[in-house]
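Data block below; observations after.
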């Protein structure tokens, strides 16, 4: 691993009704704004929206699978939910290295997610420590 | 809803290997520290750990299901991951109202999660806006 | 409910890699022919296939949701797996009433599933008893 | 593999409400007898029951994971649902080799599942062909 400030990874994912329903069961977050069309029609969102934590977990996937990948230890994650994500709408998650503290193996990253109109939906940042497993 | 500063909700949940495997599929976060016993034995954690975002989603469940409940709009969530959560270990999530801005229907909450030894595993805080659906 | 012999319901569904992975966790059926591309390339199927029980559960969904619907009590199901179902291939499930024994509220149904080339993949039949819940 | 008639494998599993809800999403079988306590109270079962296809998939798991294991090609499965399986009730699945046709690598198996009172819940039989992947 020889990452440097400015390195970037991009991942896209679209969430189906089925995935949102499965996440509602696993997370126990059964807020009807995620599950119930009729209820959601009367909210400010007008339609069912994807759980913020399901979208946010895509950030975790980039950090754990790609950059820096296996050996990442998650120290913190902040997220501002700027706009809703609707069912069947593609989300693009962009993770970029903002700062490296080499003597501590600490990486500070921006972790932003965008909708298909390129509007930000989650503005976030994360701190991870890179500790690959001993051989 | 007549919440006041200091109101508190507590929820407990234990995560099984099966739930972690399902979350790995849904989130696409397949970091082997969540899935692979042999790999995890060589990490600083020594054993498989639960995804931080799966534990964190319990906070979302409390906000969406209980306090303030339906009508919650998630504005932000910050989480510091202080300790790992292991499989089959009970997590207690405590959400407490720290500040209310009534003219904006804004609630600021502390959102901390503890392990079975009452050690903090996620130290967090959230901001939500309460907008119940129109009748 | 006034079903008669010859009544038919048709449902279509396509299974993604993600759904097959989730079913592998839930069913505990982790046969690599469902999960592992490299392994599957060396099998008679050449590619990963969907679990027969996941495809078959679509029959259960038709019986429980549609015809005869709520109140169905499943007495038996036989399935012959005639051809594999591949990932991302649409399956059409056709349930048809073959015989009714009105005094026992028993329905005998053919339950066949087809691939996108209209070749049969599951040839099956079921027996259900219709007992709607008491008011 | 040197199986002979009479060889047997036994697997146990208990199904939680969460697992039944996840299976309802994946299978699309949302019959309320699996999901809704109040509805189920008025049925002949009195309580929510596990989907027959979820219990049955345990048979598939034994065949694919254990006996005969990888290389199993499922040719047919018949199931009679003799009794309901309730949430949080342990199911024991017993697969036994009844007949082997060596020149065709065909195995005929009894596949019965029992509840915690040792009453049969699924009486079944399966036929598989054993075709291990080419090296």
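We just call them A, B, C and D in the order they show up, numbering each chain from 1.
We adopt the following convention: a residue touches a chain if its C-beta (ideal position, glycine included) is under 8 Å from a C-beta of that chain, and two chains touch if they have at least 3 such contacts.
Note that the structure is a prediction, hence the values are computed from the model and not measured.
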Overlay chain B and chain D by their C-alpha atoms and let me know the rotation angle in degrees, rounded to the nearest 5. 180
Would you mind working out whether chain A and chain D touch using mostly the same residue numbers, over half shared, or mostly different ones? same
Using mean CA coordinates as chain centres, what's the chain A-chain C distance in Å? 35
Residue ranges of chain C touching at least 2 other chains are 18-19, 22, 26
Chain B-touching residues of chain A, taken from the complex the two chains share: 11, 13, 19, 22-23, 26-34, 39, 42-44, 51-54, 56-58, 60-61, 64-65, 70-81, 131, 133-135
Going by the contact rule set out above, which residues of chain A touch chain D in the complex? 18, 21-22, 25-26
